[in-house]
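The first chain written gets the first letter, and so on, giving A, B and C; residue counts start at 1 in each chain.
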Amino acid sequence: MPQLGESIAEATILRIDVAVGTLVRADQEIIEVETNKAVMGVTTLCSGTVSEIRCQEGVSYSVGTLLGLLEVTEEEVARTGVETMEAMEAKRSIVPEPGSPRAEANLHFGAQDDSYEEAPAVVPSVKGLPVPTGTMGAHYISPRMRARMDDLGLREADISAIAGTGAGGRVTVEDLERFIEYIETWPSSQASPMRLAVADAMRRSWTRPLATVGLPVRLDRVLDHRRKSDPKPGLTLYLLRAFAIALSEDPASAGFLMGEKVVHPRAFDIGVAVQVDDGVVVPVVRKVDQKSLPELVAEYADLVDRGRRRRLTEADLKGGIATVTNFGTFGLTLGTPIPLPNETLILGIGAGVKKPVWSDQVEAFVPATEASLALTFDHRVVDGGGAGLLLKRISELLQKPEAL
Amino acid sequence: MSVTYIDAIREAQAKLLREDPRVFLYGQDIATFGGAFKATKGLAEEFPGRVYDAPISEDAMIGLAVGAAIEGMRPIVEMQFADFSSVAFNQIVNQAATHFYRTGVPVPLTVRLPSGGTPGSGPFHSQSMESIYAHYPGLVVLTPATVTDAYHMLLDGVALDDPVIYCEHKFLYRWLKAKSINGEHLPIGQARITRPGKHATVVAYSAMVHEAIRAADRLQEEGGWEIEVVDLRSVKPLDMDTVLASVARTGRLLAVGEAFPWGGVTAEVVARVAAEGFHLLDAPPMRLNARDTPVPYHPKLWAAHRPTPESIAVAIRQLLSF
Amino acid sequence: MNSGSLAFRVPELDVKPFADEAFLNRDYLRAAFRSMLRARVLENKLSSLYKAGKIVGGVYLGRGQEAVSACLGAALIQGKDFFAPLIRDQAGRDAFGEPMIDCTRTYLGSVLGPMRGRDGNIHRGRPKNGMPAMISHLGAQVSLVAGMLFAKRQKGELAGVVGATCIGDGATSTGAFHEGLNLAAMEKLPLVIVIANNQFAYSTPTDRQFACRDLVEKARGYGVAGHVVDGTDLLACASVIGNAVKRAREGGGPQMIVAHLLRLSGHGEHDDGSYVPDTLKAGHYGRDCLEIAIQQLVAQGYATAEEIQTWQDETAEEVQRAVAQAQQEPTPDPFTEDWRALSTRFS
């Protein structure tokens, strides 16, 4: 098995194209192998006849393994300079003549008169790697690696940037240390606890198959309603109410999967993403389906205010069944938000944009304010169709803001 | 002026006979003849009444040594070959090794075992028995790899109140030389870093230390690898502190021994590193021993039976490529 | 003299009968007898304790061998000689000075016994008092005693010292016996080896153990002096064994004594010995040496029946106390036990 690439340690035999007795030319590809990077060929070193095949299709062999033997003529050996088995055996022969140059090289305790002068005792001067206390992705992580990662607070996701030089491309502890040394030459800042909390939540959420569907929604009616209201509900609150009503009509879509069951929500408590310094908090508005828009204004305003001031309690953050996020407030029109790890759905809305839309009634383009609605869902629980229906319903509800 | 490994053993015995009246030597052909390997050459003449030719009765030789040790003597019994100590196995492991535990009276005897293979010696003149004796509680098992250790560890071993199995390697007798029996030495129970390194640790003892050094040289030439070689020096007690510190430096371990592969010293080292230093290992720990057959006679077979610099190098390369 | 299926002839050996009757003296005979009696009473008690389930592990009695064992023990000098007893030597141990409490403590598992619970029953001894503790491998003690004597010689202290050990007919088949005796003989050490031929090694009769007519023939092979004695006869034992010890002490070289008797118990108390033919039990060697001894002592005027009765009563009481004390003492505690097999503490 030849060395097929810098970090390749082994390859699987896909196809052996010859049999014992087959005549082959020099540089002929006779075996097809697959590494974790590509399919490659093993070629002959010279011409000859296949005398032995020592490998099997479908099996993996390390680089350097003898896969087969060719019978070659002496002229061919002379022509190509290949090393025969016999020559290799002779090199390994261990009854050397006294004084022969091979004596020292191969068998240490060969000749009788051979002797060895001891070196004086030494003390180790190498400090080496620090002792850890207590992958190209998710490959084998050795105990030492794991201990070192624990020591540094790293997860597998954190080391995905490192190319591994170990067997099968694994990241070895030396690779890690080199990378860390390298990264330490870059400017860095300490991640805040908020940042780490968000990182952890997003990482956990991402372990699921998430998909996003979008729908443009006309905001004119909502904006109109809002202008005439006092106090003025935020756009997000309209969305919150529409979402809650739509969900109450189809609770299963906000359910979560536990084994073979879909667990439905008991109460339509929906969270609202609030951007704070260096992160996001998601306070939960309770029983949104049962409270009208005016009833929610004060509660919502209080949660958002406390959120920004970092005065939310644990109770404020628990128990949500879905989340609403208004990335339009940042001027964004499109987004693919990520649900919280314990929720199946997140509904986002982008910025409203004035644009011409076709009116069937007047058969002309009329100005309207449109925003993108985006619904990201855990595809194990909800499909595109279900998500689509939900979005359509929400859009419908938003066209009758006075009923919210 | 150079001193061989066997000179060191002889010198140590001479010093003991000279300075400690409790010491006497008992073994086959060790008196006028000076021993099969000449480990006691000249000692019977220099110290009359202290060096005895024993009958071919390994069991009784050890029984006698135990009785004498109970009565305050410090006998050194030379087995002509380690292989023949199996005849004395009962007296060593059941009489000598259990005595302190059972009666509270220690037995300060020393058994010298000429161990290990030389070309053409065959199955009954080549064995390495350290693993068998280390298995029994109540014995100290020493495996010196250097001329200095051959000298000092014999002195230190005889000074212990406990029974000592001193495994001297036959190949090293005349092959290994040093400028002198260097004054500084490590105590029993401490292993030595023979060669510092950072990419992998090779733990070895006795003659295998030298083979490991050759393999390490090879790897240095080949790819600039720095392989650390640890000489255990005493198999029991086993210096796990040094071994673990080495594995902490390198993350990779290969334990090499000349004994048979089932169990033994290399298995003990690997088991302890796996248990006590699991988080230090970046690769699965490896062992390399002789093959699972009796030691063959023909030099070509013999050379392939035990670890050599080549086979050690192959094992190290495998370890490094993980 | 002999009976049953065991037929033997004393072969022509170069053995001069003892002219010296020094051992047929009152003090020696009374001391030997008292040890026989104490051994018998103690061992009867051990047997009943075993049957009552109070003893863990095996119980090995010397019933039938008391005369041989006591005569050997009584001929040795405590503090000077070495005595490596085997499994049926309670009488010899007693005569050599082993306190009775050592026996009860070891059998009853008291941590205060000489073996501290680490070995049991007859695997006990006090090596620093010249009485090594046997290992189970038979024959191994022969070279051990030889070694103790060898050490004395190295130190220049061998004059007048004797090392003795007992062995059974079965154990003479071991390599260790052969090597040990051969070495002791070659080294010309004052070793006295008493072979108690009680005709059975566990269940194996002697015709499955050796082919020579009498074990004493081996003495010639080893180059040692050989004696035979009727092990049931106290006076004969006193004379032969006592004198053999004396001869060794005076530089007469190693001495082998083969005593003929019958094992009057099972191999251990777990064994009923039902394989011993009744003919042997009824024969000459089936006689109880203790009864013979009583007859002989009274007949020769070395002791009176009343004295013997008193000794019996005192012994019964002493045995009772030794048992009671050992039973009340603490047993070893695995949690405070020093679990080390080496005396050296390596860091």
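The rule is short, and it goes like this: a contact is a pair of C-beta atoms (placed from the backbone, for glycine too) under 8 Å apart; a residue touches a chain by one contact, two chains touch by 3 or more.
Just so we're clear, the structure is a prediction, and the values are computed from it rather than from any experiment.
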Chain occupying the middle, per Cα centroid: B
Comparison of A-B and B-C by number of C-beta pairs in contact, larger one: B-C
Averaged-CA centre spacing for the pair chain C and chain A, given as whole angstrom: 82
Whole-Å gap between the CA centroids of chain A and chain B: 53
Centre distance in Å when chain B and chain C are each reduced to the mean of their C-alpha atoms: 41
Contacting residues of chain A [partner chain B, same complex]: 9, 92-95, 106-109, 114-118, 120-129, 131-132, 134, 142-147, 166-167, 172-174
Chain B-touching residues of chain C, taken from the complex the two chains share: 114-116, 118-119, 123, 125-128, 132-133, 135-137, 140-152, 154-155, 175-176, 179-180, 182-183, 186, 340-344, 346-347
List of chain B residues in touch with chain A within their complex: 2, 118-119, 146-148, 171, 174-179, 182, 184, 192-198, 207, 210-211, 214, 226, 228, 248-251, 278-283, 299-300, 303, 308-310, 321-322
Residues of chain B that touch chain C when the two form their complex: 24, 49, 54-55, 57-73, 75, 87, 90-91, 94-95, 97-106, 137-138, 140, 160-162, 188-189, 237
